[in-house]
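Each in structure tokens, the structures are laid out below.
Each of the two complexes below includes chain A, the first together with chain B, the second together with chain C.
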Partner chain A sequence: MRIIGLLIVIAFGSLLRYGVFFFPEWGDPASPPSLHVSPHYIEEAIAETAVPNLVTAVLADYRGYDTMFETTVIFAAGLACFMLLRVLQRQVPECRLYRHIPTGITLRIEKGGKLPTESGSFERIDSNWVPHDLIIKSTSRFITPFLQIFALYVIAHGHHSPGGGFQGGVILGAAVIMYAISYDLRRSIQRIGEQATAVLGSAGVLIYAGTGALCMVLGAAFLDYGALAGLLGVDPVMARSHGMLIVEIGVGIAVSAVMVWIYYNLSSAGRHDEGL
Partner chain B sequence: MGVELFSDIASKYNYLGVVILMMIGLYAMIAKNNLVKKIIGMNIFQTAIILFYVSTAAKRGATIPIIRHGHNGHGHEVIHAAEYINPLPHVLMLTAIVVSVATLGVALALAVKVYHQYGTLEEDEIRGQLRNK
Partner chain C sequence: MENLSPHFPALIIIVPLIAALLTSAAGWLNRRLCFHFAALGLFTSLLVSTGLLASVLDKDVILYRLGGWPAPWGILYRIDRLNGLVLVVIFFIAFLNLIANKRTVEESFPEQLGGFYALYVLFVTGLSGMVATGDAFNLYVLLEISSLTGYALIGIGHERAPLAGLNYLFMGTIGASLYLLGIGFLYLMTGSLNMTDIASLLPGFYGSPVMVLAFLLCMTGLFIKMALFPLHAWLPNAYSFSPSASIGVIAPLTTKVMIYVMIRMTFDVFTPDFSFKMMHLGEVMVWLAVAAIIMGSLFALAQTRLKRMLTYVIIAEVGYMVGGFWLGNRMAVTGAVLHILNDAVMTLCIFLAAGAVVYQICGDDFEDLKGLFRKMPISMAAFTVAALSLIGVPPTCGFFSKWYLISGGIAAGHYGFVVALLFSSLVNAVLFFRIIEIGYFEPFSEGEGGHGVHHGPPAMEIREAPAGMLACLLLAAVSLIVLGIYTGDIVTRIIDLAIPPAI
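Our next item is the complex of A and B:
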């Protein structure tokens, strides 16, 4: 199998190597991808949409359908992970481990034993023993708010600087995932529950599609943000910029929620009790 | 012949890097026995395609596709397409990266399911268990 695989790979690689002879040089301004529609995007986007970041302009306006369905694909992937993995009946674990924080003593409570309440002095810990790591916990607690604010900045400022809904959404999701890794999964689920991730994920897609539908209601084509000018009280060009911001916020919500949802299901194999 | 064969490396080494990454990914998908390694091979393959697209966007002497002074209302100066790199491949790959993460999640979820069913992620052991049924 290895030899056959190697032969296939070498044949495939030589075919691609042969194809490279016909490619334009790297950085050639006259290469085919830079000739067809891209000069129009570069030269006209700011006059047509008032958005300096061309990537955002093309992403949310010129190719709005593409992005809407990419967001739908991400939501569908989150849903697929949920359908594949989630175990809905609660099993009572054989034993639970608790740590008495002031002394660092670990308690092992067998089935039927009385569980201590989760308070300042007791915390439940995962069954693979994890040390009480002050440095990791303090650092993640310190970083998380900055990470979240940076994510919001990346989403909101995606028109003028590198950024946008996808990038900001992933940073926002990563902040929650980092919290879940450095503390534990249960504590993260207490803050942002499974239902919240599912509802936010679908709400993000709904914001996107709803903006498109609203444009249709106002008499323009689907996702033609110029129609929102009357509602937003700005001229049609600026309305495109604002319409993109609404859509990017939807994308950010959907992406961050789905990343967290996938992590919850994947890290606990669908049981949502003990994570990584 | 030897000189001719490698004469374009200096100007097209980005594509050659992509081809090498694609070969690594494809080899992992075909020859590796472990399902997670196959999934990672698929991800390397996706990364190669993303790099390929992004490298086609490059233009010599151009800058990132954000219009200079665009946010101050000075955007009415004439903009030349040669001054900014092509935004289109960046748009396509921006969504592709996030989608690839999401699909990686689904693939790993399937791997978790397979592990629960068969107790292993090695392909030959799974095939052996299926044959013995």
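Our next item is the complex of A and C:
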């Protein structure tokens, strides 16, 4: 069986290699992809969309419909993780660990034992993450605001430099995940709950689809941002640029929320109790 | 209504997308709304797609520029008679199955209703988008949506469903990647992603090996996705372990939509000239289809559980359509296209019936089916209609598409295919009459334990499926006969005009 597999892989690989001999030269300006569609994007994008970053113009406007579904793919991934992993029956764990903060002593409380009250002097710790970690906590606390501001910058500046909703959203989500890793999952879930991540995930995609639908209501084609000109008080070309910003914000919200949502489910095997 | 009608091609996809998002949000805010959002979204799309089909009958082709950009710079939707018809079928099946399985979903996923319905509606969105789009890459994106949600819908079942879902994920991802690679090759040669545009540029590259590779890659990817023998191994497990509500939409639609995509790619992207005349693939494909039909039927014979048996019947049915299509004559292609429609509704009906049985008696071993006709007479009547249609008995629709396929096989002189079709019809007859026999003649198994207590036949109680499920099941069964009666109209008014004159 293994040999058959190997033979198939070799045959397939050599077939692909054979095809490569007939490809246009790498980076050849006279190859079909450089001659057919791209010249229009390169020459006209600024005049038609007022966005200097070509990639963003193609991604969010010319082929914005694809991007809307790419965002939906991410949302669907979050949903899939939620459906497959989430355990909703409350299970009491075998034992819980608490740290007495003033002394640093760790208490192990077996199932059925009396749990400490929610006073300030005990904190619950994960069973696989016992040590004090002052350096990690302080560093992450120090980095988080910069990370978040950088994420917002990447989302907002996608029109002019590499970036956009996907990249910015990932950075924003990573900030929350870093918080969850350096402190613990429960604290992170207290700040940004599961419900918030799920609802924000669909809200982000809804901003994208809703913007498209608004264009439709205003009489243009779906996602034809030019129709927003009247609402935004700018000319139709500038409205395209602004429209892209709106959908990029939607993408950013969706991506960051879904990242966190997936992390919650993956790291705790769906229990949302103890995690990485 | 008047000013919305130019937007119909976008609305059929956008309405369910937005409905899915609202459904998911409603799952967290007010769970009772989930079902309503999902049902409303699918029903609206069903209406819109019917309107679209009506207008496409007059206008031939409706184009819609998404974002207002002309092709090839932007993405174009292209609705013609063929995909207009497929779209109506998709939404009809998805809506019917949603209503039928309201109860089972509420019982299986009481706290994850929003998630389930959102996945369900997104799955349908992906499929319908794949059918409606005129852009080869956009098709891939929507394929991703329907695949991803499909894996999840399968993985949430019981027993070995997560493992089966994972297997399906591996195979499905390979299939989708091959398709994407093929599209990459096409882009490399032509610089375009719009289907019509690629088709107009391709004649210059007919001799190129890259074209041949692109064609083979796209097709292989689609064959994996449609579970054509011998690439079918993922299907039986994935389909038999998943919840009834998921399988009721996945089984009728996934393979059929993939076959439609294959037809779309060969007709509208690679052009019939290239696909049929220059590739010399027809013969190989028809023999593969023959193998699929025969192996699918034989495997089906070996099964002892209802749902699992049906999954092998699906594999055989895929062979019908692939074989009919690659015979490449007008009669056979008509049969293949007609069978997409008929088989989708047949599969819906038989899986709804199986779902009703599983819901009531909590099992689908043949042993459990004893005495079922007395216990669930209406469900089993619908089951029988679907079985007759799968066997190919007139006046059910299954007969007519099989008739076209067999006539096409004879016209092409391909007797292997004809024999395979007849063989599979016989096997289907054996399969379904065996079940009908168990259900009709063998005594109900619960009575056996009580010999000492009662004398005479055990008291038999009618325990039918819930009313909603039953109504949808009956509607599906009736539509099998209606489709059969209107076959002539469907063929002359829609399919005949949709097949390119070159065939």
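Here is the rule we go by: the second predicted complex is superposed on the first by the 265 of 276 C-alpha atoms of A that agree within 3 Å, B and C clash if a C-alpha of one lies under 4 Å from a C-alpha of the other, contacts with A are read in each partner's own complex, and residues count from 1 in each chain.
The rule we apply is simple: a contact is a pair of C-beta atoms (placed from the backbone, for glycine too) under 8 Å apart; a residue touches a chain by one contact, two chains touch by 3 or more.
What you see is a predicted model; the values in this text were computed from it and never measured.
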item	value
Side-by-side fit of chain B and chain C on chain A, or clash	fit
Partner chain(s) touched by A:I8 [first = chain B, second = chain C, both, neither]	first
First, second, both or neither for A:L84, with chain B first and chain C second	both
Partner chain in contact with A:V73 - chain B first, chain C second, else both or neither	both
Partner chain in contact with A:A213 - chain B first, chain C second, else both or neither	second
Which of chain B and chain C A:V170 touches, first, second, both or neither	first
Touching partner for A:V205 - first (chain B), second (chain C), both, neither	second
Contacts of A:I42 with chain B and chain C, given as first, second, both or neither	first
First, second, both or neither for A:P33, with chain B first and chain C second	both
Which superposed partner A:Y65 touches (first chain B, second chain C, both, neither)	second
Chain B and chain C, minimum CA distance [Å, superposed model]	5
Residues of chain A at both interfaces, chain B in one complex, chain C in the other	16, 21, 23, 31, 33-34, 37-38, 41, 63, 66, 70, 73, 77, 80, 84
List of chain A residues in touch with chain C within their complex	15-16, 18-19, 21-24, 31-38, 40-41, 61-66, 69-70, 72-73, 75-77, 79-80, 82-84, 86, 88, 195, 198-199, 201-203, 205-206, 209-210, 212-213, 216, 219-226
Residue numbers on chain B that touch chain A, as the complex places them	8, 11-16, 19-20, 22-23, 26-27, 30-31, 55-62, 64-67, 70-71, 75-76, 79-82, 84, 86-92, 94-95, 97-99, 101-103, 105-106, 108-110, 112-113, 116
Residue ranges of chain C touching chain A (in the complex, touch as defined)	3, 7, 10, 14, 17-18, 21-22, 24-25, 27-29, 64-69, 72-75, 109, 111-112, 115-116, 118-119, 122, 125, 129, 137-138, 141-142, 144-145, 148-149, 151-152, 155-156, 162, 165, 185, 187-193, 201, 208-210, 213
Interfacial residue positions of chain A with respect to chain B in the complex	1-2, 4-6, 8-10, 12-13, 16-17, 20-21, 23, 25-29, 31, 33-34, 37-39, 41-43, 45-47, 50-55, 57-59, 63, 66-67, 70, 73-74, 77-78, 80-81, 84-85, 159-162, 164, 166-167, 169-170, 255, 258-259, 262, 265-266, 269-270
